[in-house]
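We call the chains A, B and C, going by the order they appear; numbering starts again at 1 in every chain.
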Amino acid sequence: MLLRHTSTDVAERNALTVNPAKTCQPIGAMYAALGIHGCLPHSHGSQGCCSYHRSTLTRHYKEPVMAATSSFTEGASVFGGQANLLKAIETIFSVYKPEVIAVHSTCLSETIGDDLNQIVQKARDDGKVPEGKKVIFASTPSYVGSHVTGYANMVQGIIRGLVERHAEPTGKLNIIPGWCEPADMAEIKRIALAMGADVTMFPDTSNVMNAPMTGKHEFYPRGGATLEELSRAGDAAYTIGLGKFTAGPGAEMMDKNFSTPHSLQDLPYGLAATDRYIMALKRVTGGDVPEELNTERGRLLDMMTDMHQYLHGKRVAIFGDPDLLVPLTEFLRDLDMRPVQVISGTPGKAFAKRMKELFEGRNAQVNIKNGQGADMFLLHQWMKNEPVDLLIGNSYGKYIARDEDTSFLRMGFPILDRVGHSYFPYVGYTGAMRLLEKMLGLFMDRQDRDAPEERFELAM
Amino acid sequence: MKTTDTSNNVPANETVATAPVRPLKISKPGRAPVTHNACTVCLPLGVSLAFRGVENAVVVLHGSQGCATYIRRYLISHFKEPVDIASSSFTEASAVFGGAQNLKTAIDNVRISYTPAIIAVGTTCLADTIGEDVSMIVREYIKEHEGEGDLPLFVPLPIPNSRGTHIDGLHQACRAAVEYLSLGPEDSFQAPAELPLADATTPVGIFPGLVSPADIRYLKELVQDCGLRPVVLPDLSETMEGGLWDQYEPIPKGGTAPAEFAALRDALGTVEFSTTVHKDSSAAELLHERLGIPLLRAPLPVGISATDRLIGTLLDWSGNEISQKHQQERDRLIDAYADGHKYLSGLRVAVFGEEDLVLGLSGFLNEVGMELVIAGTGGRTS
Amino acid sequence: MSKSDGVIAARAGQIYTKGNGEFALACEKASTAGAVSQRACVFCGSRVVLYPVTDAVHVVHGPVGCAAFTWDIRGAMSSGLELHRNSFSTDLRENEIIHGGEPRLEEALRHLIAKFNPKAAFVYATCIVGVIGDDVGAIAKKVTRDTGVPVIPVHSEGFRGTKKDGYRAACEALETLIGTGDTSDISPLSINILGEFNLAGEAWMIQDYYRRMGIEVVSVMTGDGRVDDIRRSHGAALNVVQCSGSMTSLAKDMERDYGIPFLRVSYFGIEDVSQALYDVADFFANEDVKRGAEKVVREELLELMPRMAPYREKLQGKSAAIYVGGAFKAFSLIKALRTIGMRVALVGSQTGNSEDYKLLEQMCDPGTVIVDDSNPVELSRFIIEKDVDLFIGGVKERPMAYKLGVAFCDHNHERKIALAGFEGMKNFAEEVYRSVCSPVWQFAPRRAGRGIPASGLHIQAEA
């Protein structure tokens, strides 16, 4: 009974968040920035922010995460952080030699009114940015949106600072993946390549946040979108954004700034979303879907049909980020499961609208809440009132899962107490098979655990 | 971009020394008075499974109906795919007077229902015991049907059931398949001469034993990435893990194709995960004896050392460097070992299963610091 | 040999479409060699019938396969000992094939009896034993004499006929126990339940109905079976036989030897289970029992009927294929499917006899295909031709149905929910609904784009 204070009476709360289902913007900006090759993220604020973000990312990805900070002092908080940031840029380029510094703000620097655009420009003017190196930035106040917003903001910072348009079109396809695991990003790219697309993907954290052990400490692992690729991204033929919240603003910006037409899809979790992603690719490349992908789809479908009897009617509570929740909920729905409670701390009306569309005409009773008041305490209360068979979300769900004795699948960010998420994708057809495998494993393990001896059976 | 430290690459041809293993007390493969909850199933299951991985082949088991049905049921439950295996459906009369006629009828009916290119004829303990000679019956059948244009190729498998477990059956059936479909037996029923010649890329034979369709897909990909052409037998990658169908497919698509059997003759080398199977049951040994094809016989490659050995051998044969993809996979695995070792250290493990699986897993457990305390197998090798 | 449609000439007489000429269906034949019959063998028949006897050891005398393949394959539940869920094999090898397996069998029996002290030991003779000439009977006698534990040979050599002959051998084995127990305290209102194997606890449900009617159940053969109950089963006033294929011979023998009459019943579907209870009550011609039966049926139906409506609404007009072991089960399934608004387009069995098929023909709608001892090639062809929404069968049929995008209900060994009795009818409806109305079929190539409605999601799972 870790959460023994959770009651069943749901009261309206306006001022208090209990056990949040989100975190703040800068960590999203930091993660997005790590998807640029040779990039050192920089946190413009107090030292603590940067340290918390680094340690959370390290705990989740089990990788070293380098990031610098402006290390605000009391003085900086009063007089502004410009001097700190200028000094930092100088030091970073001379000591750590990154290709890019990606600066994001924090609640403190935003509140005192530091203007990153102006400071970075001054750094360039003062000659603190060596030839060929870049400094980009994003405004990421913690009191607006969530980590999801921070990711989207840094994606826009990348576009503003690194993408250019030249005369000659490259005919390439830009893919902006929303927030997902490095393994997911690699899978998204693999599918696009299999469809015959010539791809520039950014951010691309594969081989950065799941980097192999090479025997050396590599400050900048080999993965990530390169400056060279990014500088030509404005000449691409098309941009596909995956995830309205994390990739949408960036994809729209590509359209607006560089007139590359764009299409916005869900992150390809589950069969239907992967179908749509592939169809979007097909519209761009004009090519046929290769046998390889058809076979993977067939195998997923075979697994869905083989196992559908074990999934029917299973009640699920999910919490996490909108770009994960929407396609995941759709997949659960298509498996005949019953996503009944959905919580996201990230605000935005578009989310509730998409979720409602998923259940249109289906007479389904689903509790959906996001933004203000949508926290894990509320989710726990819902689950107490209407128990579920499965809880899906990040590691913070483990307390509720333990208290309610509910099967628990870790998905989302952060996952602090398991491995695998950064190595094996959940997106695409094979990713959906992994998701199925995990869910079925949980249901069957539980059945085996709970079965009285006479009902404990070899074939289930 | 920094380069990877090359000293860390997969050793190309060095034999990997086995790390010191705590001495395990080995019980002799003696016999208990009664087998209580067996660790194995019977030999014809392995035979049947082997030919599920051969293109356009159907297995007929010479014996009682139940053998075929139980084996089907068992394989279906595991793979969750349809599995058709024919039976000569012995009656009491066949048990007394011999079942040759039943077997011939079975072959007739399989030809009608399935129009296979290959019919593999396996035996069961009943047929063995009453002294049925499936090779002879098949020979008679071919003679009686001489000149029929659509006569399939036959692979008789006179492998006595009492000689081993399902794993032995699998390997012995693979050996027979190679003998008949790649080499042509000495008293050839039908020479494999019509088989098309191998194409230009250099083939490597893989005899994986009992592994999953996904394992087989991985092995094929690995061989390709080493610049070689994989010929896997049995190739269950598609036949035992396919998608949904528009029409019923009595024989699912996929499996080792005739051209691939032919290609085995030109193989650069063969790999067989079968250290515990007798030499006379090994397809790799057969190709080695007859054609001098080099071979690697190893336990199932689980973990870094064993996989290094496999990849090293393949690269040695091809003369290529390891691809970045596999190097990265290896590096990432080491990363995972490092991230996870504290959670595994000193855990005591019991493993049971087929011998080469147990051996492969034991090596892996040893690599990650887990302690193997009990290893069980129903196999009969020492 | 016509090769046009893959139907084997020898099998033509075992397929009939209602309305196509006069009804005639060949059956009770040995399986055609090479036809990939869905049947198993004699051993299988004996093994499934005797398997639920929980306090006996079941020793499979033969090479390891027969024991390995039948290890805990059937959810026949026990309320006590679970010896039956072990796999014991003499694991015969080359040496015994040449020199005989008798010494090994004797050693195995002595070992098991000493270790587990079972109430009895069944020894299943497999194919090999039949041809190497082991005298299982002599060994059984010897060990029985020495240990006092009855050792019962089961003559189940795989090649000695069909699964039905295996049932017969199992009945004969049971007969060696029957008549050896004390019957003094048995009520005149008493029955044996025959042919009920307690899959998913079904025998417990049925027993409960009878108890509520005031009837004593002396033994269940063989669900949750106990050797001591079987020994005194000859003291019951009536044998109530389900799954007539497997147990009718035992009932007939008990009628002959002990003068116990028998009734054939089915517990599957509302109509049949009610009928079963009424028939038993009628037999005893006892007003209390009759009122008891009426009360059970009334109470159960009151509980059941409202819960059936939503399923019927969803399933109305859908079509099904049935392929099961015994034909008697098929009768009940046709009726049960009608109860939930579904029609039957294909019905077949592994072991039906000509009487069974005559009755089936009468029950079916015109155009229904009736088939005996079928195989994957035929069944898959009918699934496509008849375009069914549901297939009811066993493990071997399941992947075939799924591959073709057709829902499936296991009515064989691997069913995990009770389908018998009143509650079973609700479970059956739910099970069928869960699969037929699953949204996964919208993606199946054969059925994609047909606007298969996604599940309503509004039928609440039962608490």
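Going forward, contacts are C-beta pairs under 8 Å (C-beta built on N, C-alpha and C of every residue); 3 or more make two chains touch, one makes a residue touch a chain.
It should be emphasised that the depicted structure is a prediction, and the values quoted were computed from it without experimental measurement.
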Response to the item:
Of all chains shown, the one whose Cα mean is least distant from the combined Cα mean is B
Fill in: B-C compared against A-B, more contacting pairs
B-C
Item to complete: Find the chain most remote from chain A, comparing centres computed as mean CA coordinates.
Response: C
Discussion item. Measuring centre to centre with CA averages, how many angstrom lie between chain A and chain C?
Written reply: 52
Worksheet item: Taking each chain's centre as its mean C-alpha position, how far apart are chain B and chain C in Å?
Response: 36
Worksheet entry | chain A and chain B, separation of their C-alpha mean positions in angstrom | 42
Discussion item. By the touch rule stated above, which residues of chain A touch at least two different other chains?
Written reply: 301-302, 305-306, 459
Worksheet item: Which residue numbers or ranges of chain B touch two or more of the other chains?
Response: 77, 80-81, 242-244
Worksheet item: On chain C, where are the residues touching two or more other chains?
Response: 71, 395, 399, 402-403, 405, 444
Worksheet item: Which chain C residues qualify as touching chain B in the complex?
Response: 1-3, 6-10, 30-44, 59, 62-71, 86-94, 97, 104, 107-108, 110-112, 126-128, 130-132, 157-162, 375-377, 380-381, 383-384, 395-396, 398-400, 402-405, 444-446
Response to the item:
Interface with chain A, chain B side, in the complex: residues 1-2, 4-5, 7-8, 77, 80-81, 238, 241-244, 327-332, 334-336, 338-340
Worksheet item: Given the complex with chain C, which residues does chain A contribute to the contact?
Response: 271, 301-302, 304-306, 308-309, 312-313, 315, 333-336, 338, 362-364, 453-455, 457-460
Worksheet entry | Complex interface listing, chain C residues touching chain A | 71-73, 75, 77-79, 82, 201, 395, 399, 402-403, 405, 408, 414, 416, 431, 434-435, 438-444, 454-459, 461
Response to the item:
chain B contacts chain C in the complex at 31-38, 40-45, 60, 63-74, 76-77, 80-92, 94-95, 102-103, 105-115, 124-126, 128-130, 160-163, 165, 242-250, 378
